[in-house]
Structure formats: C-alpha cells, structure tokens
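Note that the chains are named A, B, C and D in the order they appear, and that numbering of residues resets to 1 at the start of each chain.
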Amino acid sequence: MTNLLSNFCLASAAPGAATLSPILLGPSEAQLILALPIIGLLFCTLCAIFRVKSKAPAFFTVACLAGAFALVVRLYLNKTGTPVITSGFEWFFLEWGDGKGQRLVANFSLYLDSLTILWMLFVTGLATLIALYASEYMAGDLGTGYCRFFAAFNLFVFSMSCLVMGDNLLLLFLGWEGVGLCSYLLIGYFYKKPSAVEAAKKAFIMNRIGDLGLLMGIGLTFVHFGSIEYRDIFHAAQPYIEAAKAGKYNEIPFLVQLIPVLLAIGAFGKSAQIPLYVWLPDAMEGPTPVSALIHAATMVTAGVYLVARMYPLFLLSEYALPLVAWVGALTALLAATIGMAQFDIKRIMAYSTVSQLGYMFAGLGGLSSTGAAFHVVTHAFFKALLFLACGAIMHGFAGQLDLRKLSGIRRLKGWGIVSFGMLVGCLNLSGFPFTSGFFSKDMLIGSEFLTPGMAPIGWILLFTAGLTAYYTFRVFFRVIVGPLHYEPGDELHSAHDEHGHGGENHNEHAHVQDDHQHHDHGHGGHFHPHAPGWAINTVLLTLSVLSLSASALNFLHLPNQPHIEGGIVPELVMESSAAYESPYARHEAHEGTGDGGHEGPDAHGTPSYVPTAIALDDPHAHAGTFLGWNPHAVMFYVSGAVGFIGIFVAFVLHYVGRTTAATAKADALLPMLGPIPGWAQHKWYVDEFYKYSIYWPLIILANLCNLFDKLIIDGIVRLFGAIPRWIGNTIRPTQSGELHGYAAGMAAGVAVLLFIVFILTLR
Amino acid sequence: MDQIINPLALYAACGLGAVGVCLALPRKDGKNPQIVGALIASLAGAIVLLAMGLKAGGLLGFGNSPSVYFYIFGAVALGASLRVITHPRPVYAALYFVLSILATAGLFLILSAEFMAFALVIVYAGAILITYLFVIMLATQAPTEELENALADYDTQAREPIVATAAGFILLAVLTTLLFRGTVDLPSMKSSGGEALMAEMPRRIETALSNANKLPSGAHVVINDRNQANVDFAARKVEIRTASGETSLVDLPADLHVTNVEMVGFNLLRDHPGSIEIAGVILLMAMLGAVVLSRRQVQIDEDAKERRAQNLAAELAQGVETNP
Amino acid sequence: MQNAATPISAAAAGFQIQDWWLVLLMAVPLAFSFIIAFGAPHRARATALFGTLVAAALTTVVLFQFNWGNGAAFQFQNRIAWLPSLGISFSMGVDSVAMLLIALTGLLGPLCVLASWTAITDRVRTYYAWLLALQAAMVGVFIARDLILFYICFEFTLIPMYVLISLYGSTNRKRAATTFFLYTFTGSMIALAGLVYVAWVNAGLPKDAFEGAGTWTFDIAVLQQAAQGSLTMAQQSLVLLALMAGFAVKVPLFPVHTWLPLAHTEAPTAGSVILAGVLLKLGTYGIYRFALPFCTGAFIQYAPFLAVLCIIGILYGGLICWVQTDMKKLVAYSSVAHLGFCVLGLVALNTAGIQGSILYMINHGLSTGALFLCVGFMYERYHTRSMKEVGGLASKMPIWATFMVFFVMASVGLPGLNGFISEFLCIFGTFQASDTWGKGVWGSSGAPVPGATPGNLGPWYALIAGLGVIVAAMYLLIMVGKVVFGPLREPGAHGDAHGSHGESHDSPGHLPADLTAREITALMPLAIACLVFGLYPMPLFDALKGPVGETVAMVQDVRENGLNNGAAKTASVIDAREGTR
Amino acid sequence: MTTEFTATLAQAGYPAAFQSITLAHYLFISGAMFSLGLIGFLTRRNLIIMFLCTELMFQAAGLALVAFSRFHMNMTGQSFVIFIVTVAAAEAAMALALVVLLFRRRESLDAEEWSELKG
C-alpha cells in the first residue's frame, strides 16, 4: 500500500524522447494558476454548505482570479520565447513496452509558451472582471444560487486553464469537457426554467458530438505520433512537415491528414460553428455574466485555441484548413443573417458571437493564425463588454431584452456608462476605423485575399462585415438612442433574477409560478428601471477603456522580435507552435505597402508551403490581391467603408424618424424582401431541420429498439420459458392424481427396466 | 442355458395365472366365477412349482423335509396372498394376510432365519395387522339392519382387473425369466462364517465350557486386547488361562454354535448401529405423526355430506316402504 | 504468502495470519449473517452495519498487507483440502485485480446497509442476513483459486439476490426474481459444463506434461495451463462459447440482457447497488479470469464478434435508455451500455483496453452504484421512480441534486471523474487494436505506426462505440433535466391516486425533504472515490500493471506462436513468477 | 458359474439334498407374491386393502432378501428386513392415521375419491 501512495511523484521525463530537445522546466508557481480557482471552488462549496448569505464567495473568487491573473502576467513578463513545461502530478501513465508509442502519458503538466500565455491573459483577466460584475449582478440570488454560481465560475476558470495550459491533448480534453460541464451548469443556472434546462442539455450534447471527433483525433494522433504530448507530437510530426513543405502531400498518410479534420470537428462543437452552432444562441438562457465570459469571450474560443495549438498538424492536410476556412466563413455569414432578424438583443449578440467565431476560423483556415488570435483577443474584450452592457439592461429592466420594447435608455439617469459601453462595443464589433475590432478584422480579411484560393472567403467576410455593422448598430440605434420608452420584462414575475431593491422580502422558496411577491414593481408606468451599481459600472468602464485601448495592441511590439503587422498579439503567436503566417502576409509586413504580393515568397526565403488543395497545383502560387491592390493596405479603407455603409443603413432604417420603440423604417421595407426576413428570424429553420432530420429519427429508432427489446428479445427469452411450460401442459393429463395410475406407471416402469436388463444380459 | 424351467411353460403358466387371478377378482354383479378363477390361478402356481420341483429333483424326494415344507409354505403363502387381493371384505383380506405372513415366516425358518421368522410373526401379524383390523373396523360404515352383509362399492368392484392383472403377470414373467437363468443351491449354514463371531463372545464360550465341564475351576477364557477370545476355529480350540496364570488350549464344546439371532444381532448392532438409531427415530416420528394426524379435527366434505343425505333419504324411503 | 508454491504446507508451517486473511474476509460477513439471522430483530440493522464495517476494516487491513508491487502474483495463498479425491479444495489467493474488486465489495457493504436503514422495515433479519451472506459469496468469487469454489460462490450469489428481490422488491418482484434466477442460472450451468470439460481434458493429459496434469484437479492455474496448452481451436471455441454463455448473461452483453432491467427495477435499493456494483462484475471478472486465459486463441479469433455485440449493446442500450420513464430502468439499461464498454476494452486485448476494462469494473460499480443509491433515496421519499411524476427536485433537495448531477457526470464520463479514465482507455484500446494500422490501408504510406497494437478491432469500432458516449450524455442529461431540474413536480400534487402514501408527499414520511446525514454518509465515500480515481488513477494503473501485462504477454504469445505453443511459455512464466517470489 | 459353485459345495461335502430347493424357488415365491400384491394394489379400490397389498409386496421383498442373505451367507440381508419391517410399521402407523382422516372427511375409503394431485 505504501508504494501505492508513493506514486505522488512528479512526472518523469520520458526516456524514449532522447532525440527531443531537453525539457525546459517552467516556473512551478504556474501550478498555482490552476490551484487558485480550485481554492475558490472549495471556498464557494464551503459557503454553500454553511449557507453563507453574504457576497463573500464573489469577492473571494475575484481575489483568487485576480491572483491567477497576476501570476499569468508574471509568466508573461518572464517568458523566454521558448516553450517550457511545468510538471504536476502524473495523471495517466500507461506503458506496454519500451519502444516509441508504447507509452500513454498524460500528466497534469503545463505547456507554457506565448500562445498559452496570451490566452491565459485574457481568460483570467476577463474572468476577474466578470466575477466582479457578477458579484453585483447575481446579488438577487444571495443565499440561493450565489455560491453555486461562483463555484461553477471557479470550476470554469480551472477547466479553461487546464484546457489552455495542459501539455497534452488529454489534459486539454479534461479542460474541454470541464468547461462544457460548467457551461452546462451555468446555462442551466435558472434550473426552474424549462427552457434553460433544455438549452443546457443542448449545449452539452452538441459539444459531446464535437468531443467525439476530438477524442478520435486524439486517438489517431497517438497512434501515428506515439504520444499525445504537444512536444512529442510536434517532434514526431517533423518529417511530415518537411514533406508538406515540399508539397508532397501524397507522402503524408491519409490518416495523418485526417487528424486535423477530426480535431476541427471538436473545435466546431466547442466554438459553435456549422453544423454544431445551434447551442450557442440558446445558451443565452444563462445569467449574463456567464454569457459574457463563457459564451462570448473565453470558452467558445477554445476551438480556435485548439486549432492554433495544433496548427502544425493542420498544415499537414490538404483539406483541413480549407474546410476550417469555409466552415468559418459560412458560419459567419449565416449567423450574421440570423442576427439581423432577431429582436432579442442578447440573442443578437449571441449570433454575432457565432459570426465572429466564424471570422476567427476563417482566419485560421486562411493561413492567418495570427489574425485569428488577434481577433480572439479583441473580440473577447468588446464582446464581453457588449454582453455585460446587455446584461446591465436586462438587469435593470427586469429581464427585458426585446429591442422593440426598449428605446433611448441613454436618456435615463445612471445609464450613461452602459450607453457608453454599448457604443464602444458596437463600434468595435462593426469595425469602425481605428477601433481594435477594425484592426483585427482587417487583418483577417486581408489574409483571405492574400492566400491563393481564399478570395471567395474574403468576399464573404467582407460582406458579412457590412451585415455585422448593420445589426450591431440596429441594436444601438434602437435601444440606446431615440425616444425614451421601456417596458419591463417578464422577470418581474419570477424570483430567479432578483433585483436588489425589490427583493428584501424575497422568499427563498419562491417558485416560478409565484407572481404575487413583487407588487412594488407593478407594470408599465409604475416600473422604475434600476440603474447599475458601482461594480457593474466599474467593470463596464474598464472594459470600455480596454476595448478602446486594445487598438493600441496593433502598434505595440515585442522587444527583440521582428515586427509583424498586427502588433503584439501576432508576434506572441509567432513565438509559439502556432507560428504560421501566410508567407504572403509576412512578405507584406516587411515590404510595407505598395504593389507587392506579386512576387513569390521563395524570393524572400521564408517557409512557403501552402497547405491548401487549391494551391496544390502550383505550390509556389502567387499571393492573391484585392482587385489588384495589396489586400492589407486596401482593406483599411474597404472595410472601413463597408462598416460605414452598415452603420449608415442602420442609422437610416432604425434611427431616423423613429418615434416609437416598436417600429422603425425597416419594418416598412420588410415586405419587399418577401418571406426571407421571417426565415431569418426563425434561424433559417435549422433547429427544426435538426429536430426532424436527426432528433425524431433517433427517437423513433429508440422507441423501436425499446419495442424490439420488449417484444423480440424478451419474447425469445419468454419463448424459451414457454417451451417447458408447453411440454408440461402437454403431458399434464398423465398426472391423473389417482393412486392407481401412479402405481401402474411404476409397475410398467419396473417391467420395462427389467426387460431392458433381460435384453442386455441375453447373450 | 441351464434354465430351471422352460420359459414357454413359464409364460403359459403366467398367462394362466393371469386369467385365474382376473377371474378371481371381485365383481360387483357377483357373476364373476371367483372360485373358478382361484382354482385356475392355483393350477398355474402348482404347474410352476411342480416344474421347478421336477427340475430340482427334490419334489419327489419326500424324505427331504425342507423341500416338502417349502412347497407347503409356498403354496399357502401364495394362496393366502391371492385371497388377500380377491376377498371383497377387508377384514377377511387382513386375516388372509396374517396367514400369508405365517407361511412366509415358515419359509424364513427353512432359510434358517429364525429371528426374522419370529420377528415377522410378532411384529407383523401381532402388531401391524391388529392395527389394520382396528382401522378397518373404525373406517367402515356401520351396516344397516337389512344390509348386514352389504359391501361398499369400492370393495366389490375391482378396478380395471384385466389390464392390472396383465401388467402384474407380465412383470412376473419378466422377473422370473431373469431369475430362472440357472439353479443355484443354497449353501449350508456352516459355511456362513458365522462361527468367527464366536471369538466375540468369550463369556458364552466360558459358560458353555463350564456347562460341559471342560473348564477347570478358577480358569477363564483368555481375553485379548481386542476384547475377544483367542479361538482356533479350524481346530475348534480356545485359549484359557488357569487360576495359576498358565494358558492352555481346550476344545470347544461340539454343540457350541453361533445362532442366527446372534448373527443378526452382531450384524445389526456391530455393523449398522447408526441405522438402528435412525430406524428408532423413524418409528418415533411415525408415532408422533400418527398422533398429530389423528388428533386433527376434520370437517366432512360437502360431497360426502350430500351423499350421506341421499343415502339417508334412500333409507328413509325404504323404511317407509317396508314399514308402512 | 511465501509458501505459496507449496500451498498445503500452510497449515503444517504453523499458523500464519497471512494465510487466513482471505478466509477471514469471507468468514466475517458470513458469521455476521448468522448472528443477524439468529439474533434479535431490532438489533439486526445495527449488527449488519457493524458487521459490514468490520468487514470493510478487514478489507482495508488486507489492502495494506497486499504487496502491490507484485500485483500479478497471487498472494495470501492458502489451500484447505475439501474433496481430495476429486481434486477440489478451498484454494484461494488474490492478485491485484481480485483485490481491487474485493475492496469495492467491502466499500459497498456498509453503504448498502446505510441505504436500507429506513427503507427496510419488516423481516429485517432475513434481509440483512442475506445481504451479508451475499457479501461473503461475492468475496468468495474473487478469492477463489479453485474452479469449484469459484463456481459455488458464483452461483450462491443468486440465492441472496433472489431473496432480496422477491421479498423486498417492488410490485413485479416475483417475476423479476424468477427471471433473474433462471436466466443467470441457465447461463452459468453451461459455463460449468465448459469448466468441467477443461478439468476433464486436464485429467486425460499425460502426467508429465506439467505439474498438475493428468489428475483430477480444479486448480485454476493448472487448468489454465491445460486449456491453453492442449485444446484445439475447435475445442477452445466450444469452451469459449460455454463460458461466454455463463458470463455474458451475467455481464450482461447485448442479446442476453433482458433480465437486468427487470431485476434492477424491482430490486430494493441495496440490491440494485450490489447488483450493479459487484454482481455484474462477476461476469466481466469471469471473462477476464477464465474465458480469456483458458481459450486465448479462440478469444483472439472471436474478439471482433464479441466487440460487435458490445457495440450493439452500447448503442442499443443507450437508445433504449433514452425512451425510459422509469429512472431505475434507465440506469439499468445504462449499465448494459456501460458494461458494453467494459467488455469492449477487454476484447481489445491490449494494455490500454484491459486496464480500462478492469478499471471500468470498479468505476462503474462506484458511479452506477451511487446513482442507484440516489434514485433509491428519492424513491423512499416519493414512492415513485417515474420521471413523469417527479421533477425539479433541485429546489427541494439541493444536496441530493448535487450528488445526482455529480454521479451522472461520473457516469457520463466527464474527464476528472473516474468514469472517464476507464471509458477513455476502453475506447482508446479499441482504437489502437488493429493489425491494419500502418499496413498501407487508407492511403497509409506503410511507415511504421508507433502507437498501434496488434488486434482485430480498430478505429471504426472505437468510433461507433464512441457514439455511445454521446448517447450516454443524452439519456443521462435528459434524466437530470427532468428529475433534478425544471419546475418542481411532486407526485400526488395533482390528486394522484396514491392512497396510502397520500400524506407522505407534502412531508415525505418520516424522512426530511433533503438527504439525511446517514444518506450523505452513504454517498460521500463513493463521491470521494469517484473524484480521487478520476484525478489520480495512477495507484490503480500501477496496481494493475502486473496482471494486465501478463495477460497481454500471454495474448501476444498466442498471437505470435500459434495456439498451443503457449503452454510451455505459460509454464515458464508461472515458474518465473513463482521463482521471483 | 452355477455348476462350479455346486461342484465346490460338493467337494466341501455338503449333502446333495440341499440342491432340491434352490434360490430360484424362493425368488419365484417372492416374485409371485410381489406380483399378486401389485395386482391387488392396482385393482382394489379400498385404501386399506391397497395398503395391505403394499405390505404384501414388502413381504415379498423381505423373502427375497432373506433368501439372498442365506445364499450369500451375509447377515446384512436379514438386518435389512428388520429395517423393512420398521419402515412398514412406521408407514402403517402414518398411513392408517391418514386413512382414518380421509375416511372422516369423505366417509369413504375409495381411492378414486382422492385425486387432488391431478395435474
């Protein structure tokens, strides 16, 4: 038993990896980043057990997460540019031989490179801010779900940290599923609402479908590379990368090329891409801080992270990156069209999230992991800001989210910061010039035009950018500005999202149907919107400032590094395993503006493999252009113009001349489009399509199985039971119950036996 | 093969016996020629016995008493048995059964199984059959005045006599075919090895010796550490120790034999002591069971009640008819 | 323990406590069973708790005495002659696989008593006496090194279970108990035929083949050698068929599973817990201990067939779960699906798969046992298991809801909890186990594939089995969504005709709304175990390294050297093992 | 075999008279008695007589046993008869008690009245 416990040792250095560069041990305090949320989780659990009714869990959580953020900052400051590994304890260690690939190792070890640190910076930073926001936002649930919320919140940060920092795919998978669980728990936070429970379930199951792809990808990775640790994988993949560089994709086994596709399926699930995106809009049933943190800023970017992390493998396939790009572009377009037709502002934000995630994937697929990462970071800030502003509105207007019932709330006292935050977020999202969103989006779209064969995607994205600007400012023009009008939401009738001033006599056991608790809110004119308090305002202001200042990232640069277009974030990515930028983009960055891009990258000696099927016929294809101009240079103007057009259209249709909350000029235009807006409003009936094409067939199959089990399988068993019964019934009459019959039978039996003996002894 | 009786003759006899027994069985209408049947059955039995006697060559040797008694007892036993199964009145059947037991006991005596013979008579004829008689008397409807000799249906009417008789005699035929594969003489009692038991009984030897005045005064039969006397069976000598302590061999008395009772006793108590205990327990349990059963109060059946009422009504009607 | 090579000398060498640990493990529950049966009824449950706690403490002691570094070796060996003329003896010994399963049994014992504390109110003595007898029998199965002892204990488990179901079950209990008994009994009779056939073959071998050959013996090690070394492929196939007839019913695998939902649904809570926790594992343990080592060649050949059955079970069971409304039935069908994974890992016949399979036995016992406890606690309060009648209990029973969600997540296979470890390894083992990896199929370049192991399964099997993971999430979350979350629904609230329980709905009987300290005590150890094994399974990996390694080596040997060449090798392996001890 | 055995006996000096009654004689009596008992059991309907017939069959078996005991010179055969008698006595006690009970219930000794075991 002692040796059973003595395994609490640090992960062993793999002896079979002699050819690898020695492991650089990272700072051990990095483990604390994992530990701090766990401490917060334990604290919240204790609070839940002792039914603490104060805000202690929130502030403890904020403290823990802030500590984690500080540690990440420290990591950032101390980073060396090469990946380091910090060993935790052994989780999986299974060995069946001495050779390569005969050892399954997955430890709680952290792989710290600049990509990890980049992700952890905004994850922990945003988590801290949003926890602070939630401390006020969730105050209505003090004593009921408050501790639960923050426990799950901590668990989420822990899982996300595992996902991002793990040094192997299995630890990533742990975090992957862990964030899925937290997402499930937090979407279903208002568990009395059937729609919330349904949404939570949907999110978990949709994610599971992607997870199966990821799991298969992990299996395939192990089988082919003999390890699931990033370091070993990248090492083992080296020969294939060489082959890919030479354009010899036929030397790379099909199964190796399959790995990125499978991983991408996992990423599509987590990051809500076609065909697995339908869970994310429904996930807005959760409390708004959750939507902001998990379903906008961090968790949904896990898919992007996965692709970026495994970028070397994605480069091995001819099909994986085009697949990712097309899926991303189509998702971006589809979600934007749906978003234009929605009335629930949170849902609009959700679809915009799906759309923006599509941008990121398109960026990854368009050979711009740098641009994708840049967009992830900027998007994290402004989308969190937008969600939190929406949340503040929802909080203040008793759950009202319908943009037809809210108007001009900037005119209300105490809503200035919310309005400001909304404006900042909308500007960023719509790519208004010189906002951070503008830079990152430009970088993405520019790369698409640069990369040969990706131009259609660039056009789609450009078009979508216009749609984005339109639907973003549709919200802004209807809700924030215009004539003042508001109606309270239906949460007046429910206790689950309690307001500070209305909940003094709040009954813990109030049920959903209990609607006699809050007379003071009343209806219509009696309703007083409740302006956000200091915590929400602080966070909104901070995020607004951060979102605005994020554009500075474009101009900051890492010391001692060649400058790359896009600033510090792309430079961080370039330091990591995801280091790949379209050779054309790099070329542009060095050449500055001008009419470049017509020269082959080989001229500059940069790595120049183009892992797309499109480029296969000519591996040294020339960089694409945007109508003959250098995409990156032109894109500033083009996308700025597209953004302006979108905003202008929104301005005309939704602001000019609008006198009521419910109607705008746009409504008059709708009939011209025929049934299309209705279809868009119904999300193009994708949910229904899934329901009838997958759900119902499966349910029918399940029922058939159940019947089959009951009738056929159990029937066969019963038949086996029935055979002896039948035989018994058949010979039953022989048992007359009369003594003589038995005696006669006995005598006859004896006679027969004797006769047999007689025959046998007759020689 | 050395058959004691020609199989064909045996089967013929069996068939004959079957016919006889079948006829001898009681029939309700009384038309059954019971006497004829009994005679036929006896004839069949006699044929077989005769044939066997002829083959053995002992039937004619009347001087040989065991064989004579064997035939007498055998005939009585079979005849009585036949009556047991054919007599319509249970009491008579039981009495014939006693007769059959007595005849069997006689056969046992011929087989030198005296103990069994007497045990059979005492236990069976004396105890068990008396119980039967009691029960027969208990469990018989009280006869009415007119129908003093009336018999119950189930006594007068045999059940499927032909089939049953055929089955029984087929069984007998098969059985005897197997048994009569050859003649085997019975060995003498002397070869029984029972004499070896003599050593087990030093006191008896001592008594017999002193009765025959072969034992010097003060002398004892030597008892070895197995608690046995040292007997030399071949020379019929036993070791004794005189008062002075010397040991010597003396002849056993000529009439000193191990009796059948002793042999059975040794066999039972030395070889099967556990079985004896178990048999005792069985008897005890049977006694308890009988007590428990007979103490039980039973309600008369609805059917039986109805039947009784009908009988009463019939009797009453008869009574009305006869005694106006 | 040191004298294991000459087992009979144990008694001669004087009393050594190591020799008797296993006897004690079995005797203590049995003794307490008798004490309860003949004791006072009002003390029965306290005695049962005490007895199971003593047994658990004893198990803990033995766990610490066990030499985990040499997990492949059978330790604490002891042999007491029983019917020497037939070569039957009370021969016992445990390797780490058996030890872990014994530990599971010991852990579940007190929890079952705690779960029955208030649920069983009449005929308590009978109940607890049989419960403890059942525990003794289960321990007996795991410690047996003699086929007959194994088989007797294996079969004896049926009797207490039959009593528990038929006397203390719910409405349809008689039929369930009879079906359970006849079904499993029929199967194991066929298995007995197979086992005895092996013994018969061994008795006919020349005496000098190896030690123990040519005599009537039921020693498992000897018979294993005989079966491996001298059965032809056809014979092995038949023996495998016979053994699987017994063990597959017990597991249960796909076509022979219909007794399980019935028995689970009708059994009392503790019965379900034991049934799911340990009794089903007797089947997988039997496959691992007998079917695989006895008929290795046939097992390798028919592995794909078995795997197909497992996969059908996984998907089919999962789909059926989906449309259940009875919670217990749902969990029962989920057992069919889960055990499919377990056997799938076993037939993968590589280290990851077999490790995963054995871990699955333990982890499924923990998580599904706990789920049954949870459902039972709810049933005790509401007297219904229908998901149509109860719902949204999170608002009324938050602690219960927390546990429920926790164990559902463990059962779903959430990484970080125990279910994932085993499920992942089973799927992963299946994934690896293909001879076609790297052999030029699927456009493969033919370059060596480092992470593959030989086998007849492969990625398609893993992929289709993996669909079961999605299905598992669906049905379990649907259950959670209906019962734990959503608006509160309680039976009787709408005038349901539950006459006798009418008053118990508002304040359910004598029990408080949420879990009592006793019930939390029953669930807590399982929760802790789930979490610890999920995050730190290394002790289990290390413990199972030895036996699994040996099994894989054996399979490898048969694969490489053909059917019967393995005998000599096995003998040498056994010799080597004996020598090292 | 038989002839050898006879020869052995003759060598041992046993008188030929013993040859007249062989084992087969007794066995015939025994078999005939048994058959008669069986026929009686099958044909008679009176429960008491049926029991008498079983006793008759016991007799027959006892006779055969004693004859074999004599033939093999082994006393166990006779001991066995004692047990037969014991069992017969026990059976008689129980059976007759039952018969009384049955009679009290139906006022009839007809065996055909009782067929509760009918399948």
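The rule we apply is simple: contacts are C-beta pairs under 8 Å (C-beta built on N, C-alpha and C of every residue); 3 or more make two chains touch, one makes a residue touch a chain.
Predicted, not measured: the structure shown is a model, and the values here were computed from it.
Participant: What chains touch chain A and also chain B?
Facilitator: Touching chain A and chain B alike, sorted by label: D.
Participant: How many angstrom lie between the CA centroids of chain A and chain D, rounded to a whole number?
Facilitator: The mean C-alpha positions of chain A and chain D differ by 93 Å.
Participant: Quick one: report the Å distance separating chain B from chain D, using the average Cα coordinate of each chain.
Facilitator: 7
Participant: With chain centres taken as the means of their Cα atoms, state the distance from chain B to chain C in Å.
Facilitator: Each chain reduced to its C-alpha mean, chain B and chain C end up 64 Å apart.
Participant: Any idea how many Å lie between the Cα centroids of chain A and chain C?
Facilitator: That gives a centre separation of 37 Å.
Participant: Any chance you could list the residues of chain B touching two or more other chains?
Facilitator: Expected reply: 159-160, 163-164, 167-168, 171, 175.
Participant: Mark out which residues of chain C touch at least two other chains, giving numbers and ranges.
Facilitator: Nothing qualifies.
Participant: Send over the residues of chain D in touch with two or more other chains.
Facilitator: 38, 42, 45, 111-112 - these are the residues of chain D that touch more than one other chain.
Participant: Where do chains touch, given as pairs?
Facilitator: A-B, A-C, A-D, B-D
Participant: Show which residues of chain B lie in contact with chain D when the two form their complex.
Facilitator: 2, 4, 17, 21, 25, 45, 48-49, 52-53, 56-59, 61, 64, 66-67, 70, 74, 77-78, 81-82, 84-85, 90, 93-94, 97, 100-101, 104, 107-108, 110-113, 115-116, 119-120, 123-124, 127-128, 131-132, 135-136, 138-141, 152-155, 157-161, 163-165, 167-169, 171-172, 175-176, 179-180, 182-188, 191-194, 260, 263-264, 266-268, 271-272, 275, 279, 282-283, 285-287, 289-290, 293-294, 296, 298-301, 303-304, 307-308
Participant: Per the contact definition, I'd like the list of chain D residues that touch chain B in the complex.
Facilitator: Its residues touching chain B are 1-3, 5-6, 9, 12, 14, 17-29, 31-40, 42-46, 48-49, 51-53, 55-56, 59, 62-63, 66-67, 69-71, 73, 75-76, 78-79, 81-83, 85-94, 96-101, 103-112.
Participant: Would you tell me which residues of chain D are touching chain A in their complex?
Facilitator: It is residues 38, 41-42, 45, 50, 111-112, 114-119 of chain D that touch chain A.
Participant: Which residues, counting only chain A, touch chain C once they are in their complex?
Facilitator: Within the complex, chain A contacts chain C at residues 1, 3-5, 7, 89-96, 99-102, 104, 170, 173-174, 176-178, 181, 184-185, 188, 191-192, 194, 196-198, 200-201, 204-205, 208-209, 211-212, 215-216, 219-220, 222-227, 236, 251-255, 509, 511-513, 698-699, 701-703, 705-706, 709, 713-714, 717, 721.
Participant: Quick check on the complex: what are the chain C residues that touch chain A?
Facilitator: Interface residues on chain C, with respect to chain A: 63-66, 68-69, 179, 182-183, 255, 257-259, 316, 319-320, 322-324, 350-352, 355, 392, 394-395, 405, 409, 414-416, 420-421, 424-425, 427-428, 431-432, 437, 442-445, 447, 449-453, 459, 462-463, 466-467, 469-470, 473-474, 477-478, 481, 484-488, 535-539, 541-543, 545, 549, 552.
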